[in-house]
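Look for subunit A in each of the two complexes below; its partner is subunit B in the first and subunit C in the second.
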Partner chain A sequence: MLLALILIPFLAAIGILGGLPARLTAVIASLANILVATYALSCPACSDGFSLQVLADPKINLSLGITGISAVMLILSVIVTLAAVYSGKCPEGREKLWFSSTLFIAAGAIGAFLSTDVFFFYAFHELALIPTFLMIGILGRGDRKEAAWKITIYLAFGSIILLAGLLMATMHTGSFAFSDLAAIPASEQNTVALLLIIGFGTLVSLFPLHSWAAPAYASAPTPVAMLHAGVMKKFGLYGLLVIGMKVAPQGMLHWLPWICVLLLGNIIWVGLVTINQKRLDLMLGNSSVMHMGYIFLAIAALAANPANSIAEPAAILLMFAHGISIALLFSLTSLVEQKAGTLEISQLGGLAKKAPALAFLFGLAGMASIGLPGLANFAGEVMVFFAGFADWTPGESMGWVQITTIIALWGVVISAVYMLRAFRNTFQGPLVKATENAADIHYCEKIPAYILAATLLVVGIYPKIILQFLSL
Partner chain B sequence: MQPHFIEFITVGFGLILLMFEAFTKGNKSQIGLLAAAGLTVILAMLFCPAPSCCPVPEWMERFYSDDQTARFYKIIAVTSTILVLLMSVDFSKVLSKFTTGGEDDSATGEFYCLPIFACAGLMWMASATDLVSIFVSLELVTISFYVMVAFMRRNVGSLEAGVKYLILGALSTGFLVYGIAWIYGAMGTTDITLYSSILESEAYHLNYLLFGIALILLALGFKVGAVPMQLWIADVYQGAPTPITAFLSVASKAAGFLVLMTIVSPFLAADATGSTVSAILLIMAGATLLYGNLAAISQNNFKRLLAYSSIAHAGFLLIGVATQDYDAVSFYLGTYLLMTFAAFFVLALIRSEEDSDELEAFDGLGKRNPLLAFALTIAMAALAGIPLTAGFWGKFLIFKSAIANDISWWLLSIAFVSVAAGFYYYLKVVKAMYWNTAKDSASITVPVITKVVLILLTAAILILGIYPQPIFNLLGH
Partner chain C sequence: MNPWLLLIIPITSAVIIQLGLKRNATASALLSTLSVASTFIIAYLLLGKEVSAAPIEWIDIAGLKLDIGLQLDSLSKGMMIVVTAIGMLVHVFSLGYMKDDEAKARYFGCLSLFMFSMTGIVLASNFVMMFIFWELVGLSSYLLIGHWYHKDSAADAAKKAFLTNRIGDFGFMIGILMLWGIMGTVVFADMDGGKLSLLCTCLTGMVVLLIFCGAVGKSAQLPLHVWLPDAMEGPTPVSALIHAATMVAAGVYMMARLFLSLGITPDTAELIGSAPQVIAWIGAITSLLAALMATQQNDIKKILAYSTLSQLGYMVMAVGLVDANAGMFHLYTHAWFKALLFLGSGAVIYACHHEQDIWKMGGLFGKMKITAITFIIGTMALTAVPGTSGFFSKEGILHAAHESNQALFYIAVIVAALTTFYMFRLIFVAFFGKAKNEHAEHAKEVAPVMWIPLALLAVMAFASPFLGKLIPATEGYHPHLGFEINVVTIASLLAFAVGFIAALILYKGKTSDPVNIPLFRNKFYFDELYAWIIKIFQDALAAIIHFFDAFIINAMIIGGLSRSAVGIGNIFRRYAQSGSISGYAFLMAVGALLVIYFTVFASK
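The block that comes next holds the complex of A and B.
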């Protein structure tokens, strides 16, 4: 059952390379995946784990299973995949590359989240590497070549450091199964935690290892940007929660001050950088880097006190919400570019008059992204801030996490500044040359946007729909 | 049949084929197909279990072992020889051009026979357990290679490569003999199987021994392409006929590593010499990794790039040898065969079609022939060590034993930087094929042999990338 979730997009991608009609196959595969995922989640008994031993010594299994967090990540992956195959404008004649790469990336992401074996958890993540490289390099925008090299080398380097950390973490038990992960001897925890923080941190674009992210997302074709910013990036956070906290809790505590300072780098430094962006896609790329800071804050709260019961759900809910909202924003940005022909914020204006539906959806996504109540991100962010103070009793002196939380709160203001300004400059005010003849989005283009927007609303109003899986 | 007959059969087959070639006219590349067919039979024999009736005779036992590891390396040797022969058949156009000036292929017949002798030498090396038999078999291989490297006699590059290989090869042979003499002097025997007990009894002279080992490490460094004996690699690889480059890069390297492991394993396991030998090996590994990867970054010639990448891989393998994880090394070499041959098959074809080894010749290959481009992408991904390809497992296992053995941090860092550098230069090839546009956009037709072999190799890389157990089964696990 679970294997099908990986095989459907994977085989569909191969089929597309072999000559199947590209768009149709991709849509069918991603719809099928949503159905299979729904079935697997609604009936835990019939989605029993899958396990195949691929190597006897060291013992490595291709084993899949659904735990609380991976259920949420699975939902995120299949929803964003469906939206991604609908989004963006595929250049004539490149359908094979476009849709097969999208599906390969999706298969890798789903595989990584479903794996319950460290080896395959790592291996599936890398499946996205070459499709991403090719997609950005061939079909990207702007400085596509530089961006493609940058993301590839950064991610390759991050992964290899991560590999060292994972190998050290599993060395003592000799088993790669998630269920056998256990705290390693205290003498090695600091090293392992450092390797994992740097390795996973690079993949999540933790400050100061973040500089690959914004240019790559800005120049990537829309589906790649959506899947990468929305789904792949959560791999690192997922890894820190599932592996890092388990094998090296004291190590994470040891590096807590560093995590706090770096995550503030994400929120404040990158936040200010975001305000300064002149292009819509670069702004979104940077904002996605910035928002990783909040999730790291939840992880920091968990590292400070592993018994903190809000921190983990907070991180997961925000990962989910951010994934959906950033995917929606990238999808809509590509529509803005198609309608207005440019993404330079200074050359846009008044688009709402011509394209009200687009403006509404973009507004919704933007509001979600800055944490307006009623939308999914708000629930996540509030929980993160609560998690920051969960251990603190009034009157006590504040620890690293509390001080960081207070500073991080200012990030909300920063997000509001750049997002509202971008919205105003793009959609409001008088019509300008670029937007004079813009048309509104048509029915087909609305589908992915409505799927994502509806998810944001539903989860925002009733976050338990996501949080319930965490008790799985 | 006694196990060691298989080498005799191979040599005999080579001799018969050589005679047959001399007395027949007509298309010489059919000799290549015949040779490949004969070796396929020998390969099949290697998969049969050793018959219990007739073990290795007593007089031979000292020189010859027929264990599972030896078999594995014989399979590598025979498989790569078959692949070399098949590649040569599709490469015959270039061979004829540089032997008779392109009039006919009458001077290429020996080219299909010589690999068989090298193969017999490689097989013998796999079984050799005595310094003398190691030396003799190694010379059989090396001398065959001298001829093959310089085979394209009207090509200055090939001749230059032949001379370089000859001079440096002779030098390394000198080191090897001298090293063997010192070890014999220190230990009193050339039988490697006795070394561990001698090392335990401490009836040897440590300094003489270490000097001998150092000389042997230098000589084998030449074989496997490790610093400080790596200088010949780039020029010889570039000048030699492409199938022979592939042969050098895979079979010769694999046999070199097997011999290295056979010789150093008793010394690595002993307390007195273990730390010194592993320190030397690790320093060699670090230098090899740095040299190979840094030099590969700036290459614009695909053949030279593969040459430096082969040095880089030797660095990873040396880490495996130093940490005594011999299974990981053998596994790595097995997968290295698949991915390197896939790359060389594409290269040989491009060389015949475009008359160029430069990366520019690969521009736009994704449009000109999607199959070639896809196969080469998989091969490059595997060489770079991207997960879910066979190449990743090798690196994974080496890193695992490196970390488990607590090797020093600076070496581990060099290895990590090397992997990241590898991503760059291997993806440069992928970039040329897909990002760049071709000057000549005519599509390329792939000959049947190359096509079938490429599909098989690519499939093997991908399947072993998910399920690597078959190689370990061959190794006897």
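The block that comes next holds the complex of A and C.
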């Protein structure tokens, strides 16, 4: 059952390369995956893990399973995949590459999240990166070569360091199974934690290893930007929660001040960089980097006290919410470009008059990403903030995490500044040359947007729908 | 009667309009008006009754339980009457005022969204729920200020309102988190004020002031007051409902709720250190500066906006004097007569073809009798003419100030004089004298759908203090409704006389402003100051940081690494002779090889 979730997109991608109608196959495969995922999650018993031994010593198994956190990531992956195959504008004649790559990325991401073996967890992620690089390098926009190189170098660099950390973490038991992960000797914890923070951190664009992200997303074809920013980027956070906290809790505590400073780099530094962006896509790319800081904040709270029961659900809910909202924003940005012909904010204006549906959806997604209550991100953010204060004893001085939380809250103002500015200059005000003849989005273009927007609303109003999986 | 309906009805109306009735403006308007009318009836039926509603769990994980629940006590039930009754009259007025607007359906949908959000603030049973609806009210305000978003000024004003409120909410959220740390709960009913006595007043006072930051934003107190005058870009009925009567008063309501939950009374005020004094002074200074700004404005709505700021300052001052009931009582009377004044200005603006400059009006008294008379009634209440509602509620605040702080009392009296001065300046210029413009010359009384709400509000400008059970205050609060001769009353009457005579001498029959005080006219240059701060501390800083980000972190440190890797890649590329793609594939292959190598190596 779980294997099917990986095989469906994988085989469909191969089928597309072999001549199946590209778009149709991709749509069918992603719909099928939603059905299978729904079935697998509604009946945990029938989705019993899958395991196939690859190596006995060290113990490496291709084993799949669903834990609470992977269930949430699975839902995120299948929803974003369906929206991604509907999004963007595929260049004429490149459908094979476009749709098969999209499905390969999805298969890799789902594989990584379902793996319960460190080796395959890592390997699936690496496999998903290859089509990502290819798509940016071949079908990207603007300065695609440079963007592709940059993301490749960064992520390869991060992956190698990560690999070293993972090997050190698993060396002691000689087993790669998640179930065998255990705290390693204290003498090595600091080193392993550092390697994992840098390795996973690079993949999540932790400051100052973030500057690959915005240009890569701006250049990437829309489905790739959606899948990478929305889904793949959560791999690093997932890894820190599932592996990092387990093998090196004291090491994580040791680096806590650094985590705090760096996550504030994401929130405040990159937040200010975001304010200064002049293009819609670069602005969103940077905003996505910024919002990683809040998830790191939950990780910091967990590092400070592994018994903090709010931090992990907070991180997971915010990972989910961020994934949906950023995918929606990238999908809509592509529509803005198709309708107005530019993403330079200074050349846009008044688009709401011509494209009210697009404006409504963009406004909703933007409001979600700046943490408006009623939408998913707020539920995640507010939980993160509470997690930050869960270990505060009134009357005593505040710790690293509390002070970081307070400073991080200023990011709520910063993100409102850039998002409302962008919305104001793109959709409001009088019409300008680029927008005076723009058309509204049509029915077909609305499908992915409505799927994602509805998810944001439902989860925002009723976050338990996601949180319930965490007790699995 | 299920109290949840108070939330369900307006949100249903908003959703139906958004999803289904966008093209049917008339149906949208009717649906929205009906929904607010039915919530008014429900709110009225709930008065004086013991009702409870089971909370709904929103987030429930180990260590954190957040509910959506209803707090139904005399404070919230009274406030519901204010919100729904004025909401209803504003809806009715809007039927006339927005008759020909091309986005009428959107307008009424947003009004319903606002009613939903405001109800949520009023009925919230805990701080997180209040914060949720607090932000949603901010959203509805943003949408309604920006109703005519194709105008740059409206779009900018909407953005400014939202951002300024966010700054206040930054402190508000920190305050909520710290209060949660202290109390172990965010639920109002479960808070134990006794826990405050275990802590340093430096901490408890700071928590109260951080929460107060939320009120500073929402109730537009100094230094976050700048958004409210700009918010007048929204349709005038919106100004009456949101930016005069209800939303901007939410900060005062929230503080009253906080003090009630923590059990802060004059006897226990020392538990929160000097926070009350800070609050009182912020209120007093806001009230004084706003009144000074109001004396030199020419836009009829701007005058009322600054007047609202000033009156909110009074209420905040009362909160700071630890007499939240006096503040709530003034909130209550003010809501009626300020809504009356705003709707009256709406009628004038409508009749004068969207002219808002009072110096282009004049002589409207003869042409719009009902509007003019009701407007004057509203002015009398605002300037605290004995017998009007405003007199009683202002007396309450003046008494509170007189008892505890003479400096604040003098400021309050000066503000009272200024209030009379700027309001009668408005009346003499706009309603009397000669018509100064063609539109004013041909102005006609507005339709009944617009003047009936005015008439009802005018009745409330007199009657509201006597409808005791409507007053949103703590159980058993009875405002003092007598008239005695004492220092406070004499000061109040003198203030009125001074303000009125000054306005009469300076403005009766004038066609241009004989007074010119640039400092007041330019609002003490707050906007210019903030624009400068934003330019220096935000935009310039952002540009500098962007520069460092792009050229130091990226180009030099990481870029150097990446360039050397590109160099290596180029060697491989040349070697493989098949373009850059092979480079990526090669790197990945190296990665995969390393995995295998390390795996085997490590296991030995």
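Just so it is clear, the second predicted complex is superposed on the first by the 472 of 472 C-alpha atoms of A that agree within 3 Å, B and C clash if a C-alpha of one lies under 4 Å from a C-alpha of the other, contacts with A are read in each partner's own complex, and residues count from 1 in each chain.
We adopt the following convention: a residue touches a chain if its C-beta (ideal position, glycine included) is under 8 Å from a C-beta of that chain, and two chains touch if they have at least 3 such contacts.
None of the values given here were measured: they were computed from a predicted structure.
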Scan A:138 for contacts with subunit B and subunit C and give back first, second, both or neither.
-> both
Subunit B versus subunit C as contact partner of A:129, first or second or both or neither | both
Is subunit A touched at more residues by subunit B or by subunit C?
-> C
In the superposed arrangement, does A:62 touch subunit B (first), subunit C (second), both or neither?
-> first
Which partner does A:410 contact after superposing on A: first (subunit B), second (subunit C), both, neither?
-> second
State whether A:150 touches subunit B only (first), subunit C only (second), both chains, or neither.
-> second
First, second, both or neither for A:457, with subunit B first and subunit C second | neither
Tell me which partner A:208 touches in the superposition: subunit B (first), subunit C (second), both or neither.
-> second
Quick one: classify A:1 as touching subunit B (first), subunit C (second), both or neither.
-> neither
Check whether A:28 is in contact with subunit B, with subunit C, with both or with neither, and answer first, second, both or neither.
-> neither
State which residues of subunit A lie in both footprints, the one left by subunit B and the one left by subunit C.
-> 55, 57-58, 119, 122-123, 126, 129-130, 133-134, 137-138, 145, 149, 152-153, 156-157, 160, 163-164, 167, 171
In the complex of these two chains, what residues of subunit B are touching subunit A?
-> 374, 377, 381, 386-388, 392-393, 396-397, 399-400, 403-404, 412, 416, 419-420, 423-424, 427, 430-431, 434-435, 466-469, 472, 477
Interfacial residue positions of subunit A with respect to subunit B in the complex = 17, 52-58, 62, 119, 122-127, 129-130, 133-134, 137-138, 145, 149, 152-153, 156-157, 160-161, 163-164, 167-168, 171
Touching subunit C in the complex, subunit A uses residues 55, 57-58, 60, 119, 122-123, 126, 129-130, 133-134, 137-138, 145, 148-150, 152-154, 156-157, 159-160, 163-164, 167, 170-171, 174, 208-209, 211, 269-270, 272-273, 275-277, 308-310, 313, 350, 352-353, 367, 372-374, 378-379, 382-383, 385-390, 392-395, 405-406, 409-410, 412-413, 416-417, 420-421, 424, 427-431, 462-464, 467, 470
Quick one: in the complex, what on subunit C touches subunit A?
-> 57-64, 66, 128, 131-133, 135-136, 139, 146, 149-152, 155-156, 158-159, 162-163, 166-167, 169-170, 173-174, 177-178, 180-182, 198-200, 203, 538-539, 541-543, 545-546, 549-550, 553-554, 557-558, 561-562, 565-566, 569, 580-581, 583-585, 587-588, 590-592, 594-595, 598-599, 602-603
